[in-house]
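The data blocks that follow each hold one structure.
Shared chain: subunit A. Partners: subunit B in the first complex, subunit C in the second.
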Partner chain A sequence: MTDAAYSSPMGKVDSPFSRLMSGTTGPVIVVVAVIVAVWYIAAALLNAPAQRDAFQRAGQTDVTLAEFVVATYAQERPVLPAPHQVAAEIWATTAEKAITSKRSLIYHSGITLSSTLLGFVLGTALGIGLAILVVHSRVLDKSLMPWVISSQTIPILAIAPMIIVVLNAINVTGLWPKALISTYLSFFPVTVGMVKGLRSPEIIQLDLMKTYSASGFQTLLMLRLPSAMPYLFASMKVAVAASLVGAIVGELPTGAVAGLGARLLSGSYYGQTVQIWSALIVAAVLAASLVTIVSIAERVVLRRMGMAR
Partner chain B sequence: MLNEQGPQKARSVIDIRGLSLTFETNDGPVHALSNVDLDIREGEFVSFIGPSGCGKTTLLRVIADLEKPTGGEITVNGVTPEEARLARAYGYVFQSSALYPWRTIADNVALPLEIMGLSASERKERIARNLDLVNLGGFERKYPWQLSGGMQQRASIARALAVEPHLLLMDEPFGALDEIVRDHLNEQLLKLWAKTDKTVVFVTHSIPEAVFLSTKIVVLFPRPGRIYDVIESDLPRDRTLDIRETPEFLKIAHRVREGLRAGHSYEDS
Partner chain C sequence: MTSASLTLSARGVAGTQRFLAYAITIAALFALPLASHADGPVVAGMSQLLLGAALLAGIGLLIGFGVQGGRLLDLMLLAVSGVTAILLLRFVAAYPGTVKGGFWALVVALWLSSWLFVERLSAWDVTDRAAKRAIGLAIPLLFGVWVLVLWELLVTGFGVPKILLPAPSDIGLRFASSIPTLWADFRQTFLKAVLIGYAIGCGAGFVTAILVDKVDFLRRGLLPIGNLVSALPIIGIAPIMVMWFGFDWPSKAAVVIIMTFFPMLVNTVTGLASADRIQHDLMRTYAANYWQTLVKMRLPMALPFIFNALKINSTLALIGAIVAEFFGTPIVGMGFRISTEVGRLNVDMVWAEIAVAALAGSAFYGLVTLLERVFTFWHPSVRG
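Let's turn to the complex of A and B:
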């Protein structure tokens, strides 16, 4: 047999398409394409009734299907805006606006992001603190954990206005009330994750500490906290996304003038669906970026600890 | 030196009288230890040998205050095991290595030294010396999972030795090692023991190892765990591996084997 006999099927396997699909890029592109296609179909269907009325009112009866569909993608206040409308709006309100402008989505994202991050840091610290208390005291485990869990059964939409109103009454406004709602949502996954993580050392590892007659604090520092690191990062990924939701929800009841939540609110006041969807997409991108940053930190820290192989 | 007066006159390190320990489990009580009497004196090298599940680990854990007895009396250095543990009276080598995966080998050996609050230079010196002793020089910066099981176990021995305890409690420390490495470490351990005043309590399944190392061999019986025979060895303190061919050695080994056989047939009946 010749080399060619081998190389020709090999060449087929290595075609650009199959190479693309064997990685992660290819499948991701396919998924995005499907989502966009479904979105376009849904937009045409959902906007059709209003478009039919509009053509009727204008007395136009001889529209082709193609013209009709194109028109559903160009409404000013569509039920569901088409992807390119949202993309154009996002472009217009990010790249084409000064960051300081009240119409810049980057400006609004920044406002939401600052309370998200403040709330996330506070929530993570609170979660770690509570977990340490719970792990070290049977009494606190029994008395505190039920409250921690029931805190999350109250709908955030019910409690957010109360937090804002109460804090406004004592003159706490702006960043902090929103951040505290983020804290409220983000401390929970961290508490639960860290309780599990701080309890993850094996009995033999704890026995070892006992033979050194290590103090509780030394055991915490040298055994429990390092063991808990993988759990901490897993729960921080959930917590950072929850923080963003908290910050946006916190902007709704205040009638806040700035932030992604405020954009959602004003968008719904004036029926500006394109604005609503732009804010939603930007919020989703923001959440994905935050989770990605936590993942990168996770990889760096665990590798430096020798725990990622 | 206390040893020169002979072990009988030496200070008692571990004194156990009528000790028993019953584990309450879901399928009823497990009598892990029953009515154990044992006296271990300073400078002795004592081996526990017996069939699996006869309570060797449990007895060692009671001495280390990792398990509370349900009956009888025990003192370590004249005080309760708990007081002895709080005074860091012993070093313990577990049946498995129990290294912390996020610490390098050097940092694992450093762990007890950090807890004891030793200076960085003192830590460094002890790490180097004890890793050399178990032939792990050059592996300081490796993580435990980068080492074989036997190397991990040697690292855990270095970690126990670095504490420089007067009392060393070792639970099958060489069980996972091959014959040659085992011989080497047996010699090292014996040398270390002979030149210091350490008292060693050593759990093993190997008759030659027990006879080679020990001044006293305790044969345990299972169900309930209790002492069947205590064999005082009159082999000289400074021995080499050649001693394993001598008639004295074989005589002691024979007696240990008889004890173990009795334990096993007892278990089968």
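Let's turn to the complex of A and C:
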């Protein structure tokens, strides 16, 4: 495969296959295939010791290599589950379970997603509001902004358990504490990006607004906010991913009640590796789809505003 | 003062500043009936507080009427605010949870006066570069100190239970009294898991990037995946790593390695591609081979990108190690301490641990930034 891609000289790309390989789609497919293959090999190797013990205990000594490898892919609690085991688990816990069931991954994803989205919306609104204040107040710009920037160097996630437990102590439970952590994580990138974006209009454009005798509010609405849109979407992509991480970590200290984080935690308590991996994959899919949705919104909005690159 | 500063303050007193100055006076005057509101016949420290209120009211009037005091007046404002803050802190420590309306009026006056000071300080017309930098540093520092003072006043003044939010002084005391524990946690989490994981993760990402860069096919295939992985909640891998590598620091280092690998890979590959066609051509005219081009042109060109990844990773590494400890540790470590002390409702200890994490995180980041300045002194963003 790789040979074919290399031996076809540039300029003579004719066949659909070599065209595929000269773009990004082909190489990505190949890399993913390699990753899956490595995963299978690693699963066989990592699960082998336990499987050898199992066969020895069962008194089976004459197993062929093929039988042995197949057996390593069918353990109940493998060290590393094979991809198809994870896929089967995901299928079983999404499509074959009722959505209301506590074993349904869709149910848990929904819980995580709701606090992610609530936190993301709050965090984005807060970030935009703070950025507008910072751009219009010199005191806030000089006193608050350095802290906003340096706060990104602090492992904010460490305070997640405290927020959850403390809010539990005053009877705030469920969605809000988790959403608060997501808010906190998603608001910094939006603030920093929006401050940059609101300052992105050039002096000459601001001067033009002045010659129109536009008020500060009109300048904000008609010049600053529109020109900040590309920055807003770029930081929203970071923020939505951070928000999901916040929601998942926020589910850890409540003691495995519900949500993807709780699935991870209960999986690690009971050694259910397949459950951990399926929660992990679902979380990854969720993150990828959230970022994709923001990217699509970005493309649509920027195209309608005539700013598409 | 010089005529320059006089004209400046004459211009600056307009608008916001005048409003703030009058607001200080009004708030400070509200604080004067403080005495009648206090419990008991004679309260120690009351007369001092009243003096502070009177001083604040006076200086507010001075600035409000547009008295030309120049920088001397600003420094007086700072001194009066500082003294009042100390008096307020001492008062609230003596009567926690029982302070009344007049006290809060003085707190508001203090808030307004700090605001006014920063407003005036940022209008100072300094040309000296060092002085400019000092002011740029002083303003956020003042803000930080003010947040701590307000936190202390509010928490002690309203008698907020320590379980909800301890006062900064409580956290400071706890910090000072449990330094051995904090140091042991720091050594376990930061010096072992974070530093080792960071070094291996960044190193592996860097080497992989050089290999990937050499093979164009891999570059096209790996970059989109690397970008995707950067957005994923990789931290979820922590329980698996704890299962594989046990409870001690190697499992945390493994999480850190995986978290830091991809940002480094993506950034280095992007950086290596940042050299222009014309620069490549120049190296060709020098008859430079691949390695010479790499070491003498492309790697230096990639340094800003590499340092960007190193900075991102310095935060990610600490987060990864702390969160991984939530899934199981020996009985030492920053994440372990946070989760267990939260369970025992020792919230001040949690805050002390968070202070350690914040200090370590900022110091780590600062160190990387310093190295960046040393190594990429030629880059426009550093030259300023």
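Keep this in mind: the second predicted complex is superposed on the first by the 273 of 309 C-alpha atoms of A that agree within 3 Å, B and C clash if a C-alpha of one lies under 4 Å from a C-alpha of the other, contacts with A are read in each partner's own complex, and residues count from 1 in each chain.
What we mean here is this: contacts are C-beta pairs under 8 Å (C-beta built on N, C-alpha and C of every residue); 3 or more make two chains touch, one makes a residue touch a chain.
Everything numeric here is computed off the predicted structure, so don't read it as measured data.
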Q: Return first, second, both or neither, reflecting whether A:214 touches subunit B, subunit C, both chains, or no partner chain.
A: first
Q. Where does A:226 make contact in the superposed view: on subunit B (first), on subunit C (second), on both, or on neither?
A. first
Q. Does subunit B (first) or subunit C (second) touch A:125, or do both, or does neither?
A. neither
Q: Return first, second, both or neither, reflecting whether A:28 touches subunit B, subunit C, both chains, or no partner chain.
A: second
Q) Which holds for A:249: it touches subunit B only (first), subunit C only (second), both, or neither? A) second
Q.
For A:205 in the superposed arrangement: first (subunit B), second (subunit C), both or neither?
A. first
(Q) I want to verify the contact counts: of subunit B and subunit C, which reaches more residues of subunit A? (A) C
Q) Just subunit B (first), just subunit C (second), both, or neither: which does A:45 touch? A) neither
Q. Can you list the residues on subunit C that touch subunit A in the complex?
A. 115, 118-119, 122, 136, 139-140, 142-144, 163-165, 217-218, 220-225, 228, 231-233, 235-240, 242-244, 314-315, 318-319, 322-323, 326-328, 334-335, 338-339, 342-343, 345, 347, 350-351, 353-354, 357-358, 361-362, 364-366
Q. How about subunit A: which of its residues touch subunit C in the complex?
A. 2, 5-6, 21, 23-24, 26-32, 79, 138-139, 142-147, 150, 152-159, 161-162, 165-166, 169-170, 237, 241, 244-245, 248-249, 252-253, 260-261, 264-265, 267-268, 271, 273, 276-277, 279-280, 283-284, 287-288, 291
Q | subunit A-facing residues of subunit B, complex | A | 64-66, 85-88, 90-92, 94, 96, 98, 100-104, 111-112, 114-116, 143, 145, 163
Q: Give every residue of subunit A touching subunit B within the complex, in rising order.
A: 202, 204-205, 207-214, 218, 222-223, 226, 229, 305-307, 309
